[in-house]
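Paired with chain B in one complex and with chain C in the other, chain A is shared by the two complexes that follow.
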Partner chain A sequence: MALPEVKQTATEARLANLVMPDAGCTRAAREDALARVLEMGLPGRRDEYWKYTRPDTLVAPEAPRAALFDPDEAMLFADLDRLKIVFVDGVFSPEQSDDLTLEGVTIDRIEDICFKDIHWAKELYGVLEARGQSPVQRPLAALNTAFAADGIAIHVSGKPSKPISFIYRHASETSDAMLHHIIRVESGAEVTILENGPAASRFNKCMEIDIADGGVLHHVRAQGRDHERRAATHMFTRLGQESVYKSFTLTVNGVLTRNEQVVELTGDDAVAHVAGACVGDGDFHHDDTVFITHDAVNCESRQVFKKVLRNGATGVFQGKILVKEGAQKTDGYQISQSLLLDDDSQFLAKPELEIYADDVACSHGSTSGAIDETALFYLRSRGVPTKEATNMLTLAFLAEAVDEIEDDALSQAIVDRLEGWMSRHS
Partner chain B sequence: MAALDQTQVKEGVDQETVDAVREVGTYKYGWETDIEMEYAPKGVNPDIVRLISEKNEEPEWMTEWRLAAFERWTQMDEPNWAMVSYPKIDFQDQYYYARPKSMEEKPKSLDEVDPKLLATYEKLGIPLKEQMILAGVEGAEDAPAEGRKVAVDAVFDSVSVGTTFQKELKQAGVIFCSISEAIREHPELVKKYLGSVVPVSDNFYATLNSAVFSDGSFVYIPPGVRCPMELSTYFRINAENTGQFERTLIIADKGSYVSYLEGCTAPQRDTAQLHAAVVEIIIEEDAEVKYSTVQNWFPGDENGKGGIYNFVTKRADCRGDRSKVMWTQVETGSAVTWKYPSCILRGEESQGEFYSIAIANNYQQADTGTKMVHLGKNTKSRIVSKGISAGKAQNTYRGLVSMHPKAKDSRNYTQCDSLLIGDKCGAHTVPYIEVKNNSSRVEHEATTSKVDDDQLFYCRQRGMDEEEAVALVVNGFCKDVLQALPMEFAMEAQQLVAISLEGSVG
Partner chain C sequence: MLEIKNLHVKLEEEEKQILKGVDLTVEDGKVHAIMGPNGSGKSTLSYVLSGRDGYEVTDGSATLDGEDLLEMEPEERAAAGVFLAFQYPVEIPGVGNMTFLRTAVNAQRKARGEDELSAADFLKEVRAKAKSLKIDADMLKRPVNVGFSGGEKKRNEILQMAMLEPKMCILDETDSGLDVDAMKLVAEGVNALRDEGRGFLVITHYQRLLDHIKPDVVHIMADGKIVKTGGPDLALEVENNGYADILAEVN
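The block that comes next holds the complex of A and B.
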């Protein structure tokens, strides 16, 4: 079917500015992805999946300018022993990165995988993204597969001693970065992936994660504090039998963020938890879009998303649990809540369930409201000043999402960030 | 059919009906009235629109209104966002107007109505007699000694055949008549309110309805009047290949109250039939309207053949402060349902409530829910939706709760639960929540589960057979909604819940 004219024009204009990297063995996957983009067209304002978030600036040929920002706090996870992989405006920086050798993992740049004949990578690049295009289209992810200029391939075969940490630095006001990472966790292996930093003025990131039977992957991410940055990220995860995937994202500021999580539980007894906490002040638009597909028996999925919004900030949640026919004994849980600190902020949610199996327990909840006056009164009557009491209640509200992080050091680092935000913004 | 034999025959229902029930199995309204009909030619075009207008002896402005709607409709696309699939409808292969020949001369009173038509309604358990209580309803004997009166407007295919208790209602100042009569007799009211809640260009089906609606009910409750009895409309589709397009307009003026019931059935046929209705309710200051529906259109047979396509637009506009509307619906019929009774809460402190049970069995598909649009301060809404899927059916709750920036201190509570019986059916929830101020509280909860084995076991242990046990558990699941129904409907709905699920166990 032909695309509507507006969409066709927008898509062509965007593609005109892009050059497909000469990427050898990912070439076929990239060309397939480009064909998908041409067929779907890039997101438009009238698309149902973009009802609450305007994709215009994410799709525009040029990235809108975003001022650089100097955070007056220590780098997140700085005290943590970790293997650092640094990107500056979306380009891998060998100088700033650590040595990429670590026991239990093999780490390569995507552009090198052809020369090393890494079979698993060729079988993964673009594959989960392509699977994730149905039943809902995600054209920005396909665009990423086709044109991502850089990225890392991580093969996890054991249990590395420290987390692998992606650091995304923002150095130019007009940077427009596209990164595509792929991760394969082998049977019984276990890894923790960290991500932090604003990355670029406009950042399109795609991560494909394939977890084999019994594999475990923990993911903790913090998106940079730069006020004017924009990001559209996709994480596609496929889980095998008895495997575990736990992901948490902290978003502080940023004029526009759209984080999509596409999770497919294909092996029995798998567990997937995705969580997010976001705090926004003023010109802030944050969109969490989650799609979890249960295609195996006795799997568990959990979505916990909390948003604190003030001064006209907007929070969006679109979450879906799809339970396919035969995915019996599914346990699906989804909660999305917002705390509106003033009257100008807004929360828009679409929490969906689509269920084709009868022996399941699925539930979702969504609430929105202001700080509980009674709780505030209680704290004040105990001598806590209003500002502190508000902060305390706000942190308590976010705690359910932060608690999804299993590692205490990591969750403490996130709590510190939230406390920092509150001291600056209240 | 075991459970059917155990179904108690309602008082006042004759043997013929009982036999009919046995014959059609689970759908007991599947018979057809053999009556001579008069049709407009098939298809829809400006001429048909004019013809319908002419048949209803409408004034010029009404004809123009319809034609403008038709013009608009030709430029619209059929919506496809609902989770339902059905073969493409050929809108030109339908009759848009069908009336019993005997209705050519408008009967002056119920005594002049064709006995065949009266018998039809008698058989449906809705006798068009002005009697104290609605006959054929179990539990009626518990009614208060002075009896409960229910006025009925009966719509047969495209025309209203009669309205009971008109005189008594008139004394109270209430206008209750067919919409075609209202257009002739009360043009000032119709002109003022028609299309003011559901605009002509609202959506594909509402626009089609605006062009070709043939009849329906009109209610006006004057200021301060508490309607002395419940009002009801009974829709019956009888003719084949005929679409029914009825239009209901209810106006509750300041401080008034009315409870309105709607029922519908159709014969069992293997071709699908279209039903696209529009209901508009206007509620002024301090007024209250209760609108209850038991929708029991023919759902198609167990192989998914035939049935009614039910594409309905229902909306209440709470214009005045402290106005209140309550939608209650029991949706058991129709092959495809596409229906979202909505509330616009414009007046301060206005309230909207929506209670729904949607049951889909065999190949039925239901996509239903509500919209609560909070515009005024201190507005409240509550949504309780229970969806039950069995066989190969798909059941979707789709709803919107919107808190506008000015709707300070408003409140919404939404609960939608789904129950799955069998592993070939689906249950889906698609809520939209839009909160644009922080003094409002919005809560949404949804669960999906199957009939609890422990509960079934408990019932079976007490000597119930499996179907009875399921019916009991399901009734318990629906209790919140059933309790919101007027008494007569609650009894009927309870039985419907059991009958609709028959054969879905084991």
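The block that comes next holds the complex of A and C.
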């Protein structure tokens, strides 16, 4: 079926500015992805899935300019022992990165995998993204598969002693970066992946994660606070039997962020938790779009998203749990809440459940509210000044999401970052 | 010394006068009790003194050691030495009890220009005071009042009072929802804080709390005014005869 003309034109304009990397063995996957893009067209304002978030600037041929932000505090996770993989405006920097050897994992650049005999990588690149195109289209992810200029392939066969940490630096005001990472966690292996930094003026990132039976992956991400940056990210995760995936994202400012999580529970007794805390001030739009498919017995999924919004900031949550026929004993939980610190901010939520099995427990809830005046008075009556009391209650509101991070050092790093934000913004 | 003169208070949102000229002086070191039927304005008085929103003072004054309380924000009143033990202590999910206590103690010290208490000193003090109120380590770690029983909440109020060492303690129906043993424990906590530099205003419906916290002065409040003042015997009279006799006598 032909695309609407507006969409066709926008898609062609964007593609005219892109060159497919000459990447040997991923070439076929990239060509397939391009065909998907051409068939679907890039997102437009009229697409139902983009009802609450305008995709224009994510789709435009050129990235809108975004000023660099000079943070007055140390980079996140700075004190943590970790293996650093650094990208500057979406380009891998060997100089700034650590040596990529670590016991229990093999780390390669995507462009190098063709020179090695890495079957798993060839079987993963673009595969979960393609699976994730149904029942809802995600054209920006297909665009990424086709044109991502860089990325990392991580094969986890053991339990590495420290987290693998992606650091995304932003250096040019007009940078337009696309990264595509793939991660395969083998049976019984366990890894922690960290991501932080503003990345680029416009950042399109795709991560495909395949977790084999009994594998575990922890993911903690903080998206940089450069006020004018834009990002569209996709995480596609497939879980095998008794495997575990736990992901947490902190988003602090940024003019536009769309984070999609597409999770498929394909093995019995698997567990997937996705959580997010976001704080936005002023011209800030943040969208969490989550799609969790239960396709096995006795799996558990949790979605916990909390947003603090003020001065006209907008928060969006689109979260879906799809329980397929036969996915009995599913335990699905979803909560999305916003704390609106003034009357100008808004929260748009669309929770969805679609269930085809008859022995499941699924719940969802969504709320918007202001600071609890009774609690505020209680704190003030004990001598806590209004500003400090408001900050305490704001952190308390976000706590349920931050508590999803299992590692104490990581969750403390996130709390410190939130406290820093509040001390600057109140 | 707390001095309340001719205090008139109405609800902010509607034309309803609650306090109609309250005169009351609580000297340092004294315990005053206020008793009175439901709806007489006792709790309103406690809220107005601590600075809760929703009330409008239309006339009169309230000072603590000469400082005008009514001009201050709630946190300033706290730093000046006012403490209200809530009838219904508020649950605050996500804020640890210990964090809350320490923030409050240090905020008040800061407001008074004193050094903040070190983590070690704070911990030592809070443990000793918690122990005498039979508050265990688990209660200190849990979020403020969340999942606490009625008795635990009230004990937690008294712990805050003990840590903050206010000049003027207002207890709003601290005995409500307490069994006999819990009431004794709370009363012991209050009595331990009795000091010649500290005044107490104990609001209660029942005489039984006053068996444990012996008042120096008892006031009867009705229809927004103090209608009768006397010694501890006045509380016994209420207990035996109810308010009807007293109100009839006043009218």
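Keep this in mind: the second predicted complex is superposed on the first by the 426 of 426 C-alpha atoms of A that agree within 3 Å, B and C clash if a C-alpha of one lies under 4 Å from a C-alpha of the other, contacts with A are read in each partner's own complex, and residues count from 1 in each chain.
Note that in this section contacts are C-beta pairs under 8 Å (C-beta built on N, C-alpha and C of every residue); 3 or more make two chains touch, one makes a residue touch a chain.
Computed from a prediction, not measured in an experiment: that's the story for all the values here.
J.: Tell me the contact category for A:Ala361 with respect to chain B and chain C: first, second, both or neither.
T.: Only chain B is touched by A:Ala361; chain C is not.
J.: Which partner does A:Ser172 contact after superposing on A: first (chain B), second (chain C), both, neither?
T.: neither
J.: Looking at the overlay, what does A:Leu393 touch: chain B (first), chain C (second), both, or neither?
T.: In the superposed model, A:Leu393 contacts chain C only, not chain B.
J.: Quick check on the superposed pair: does A:Pro351 touch chain B, chain C, both, or neither? Answer first, second, both or neither.
T.: Only chain B is touched by A:Pro351; chain C is not.
J.: Based on the superposed arrangement, let me know which partner A:Glu373 touches: chain B (first), chain C (second), both, or neither?
T.: second
J.: More residues of chain A are touched by which chain, chain B or chain C?
T.: Tallying touched residues of chain A, the top partner is B.
J.: On the A-aligned overlay, A:Ser157 touches which partner chain: chain B = first, chain C = second, or both, or neither?
T.: In the superposition, A:Ser157 contacts neither chain B nor chain C.
J.: Under the stated touch criterion, which partner chain does A:Arg382 make contact with: chain B (first), chain C (second), both, or neither?
T.: So A:Arg382 only meets chain C here.
J.: Could you please specify the touching residues of chain A with respect to chain B in the complex?
T.: Interface residues on the chain A side: 48, 325-326, 328, 338, 340-370.
J.: Can you name the residues of chain B that touch chain A in the complex?
T.: Those in contact with chain A are residues 81, 83, 405, 408, 418, 420-450.
J.: Show me the residue ranges of chain A that touch chain C in the complex, using the header's touch definition.
T.: 373-375, 377-386, 388-389, 392-393, 395-400
J.: Provide the residue numbers of chain C that touch chain A in the complex, in ascending order.
T.: The touching residues are 50-53, 73-75, 77-79, 83-84, 86, 89-90, 92-95, 99-100, 103-105, 107-108, 111, 143, 160, 164.
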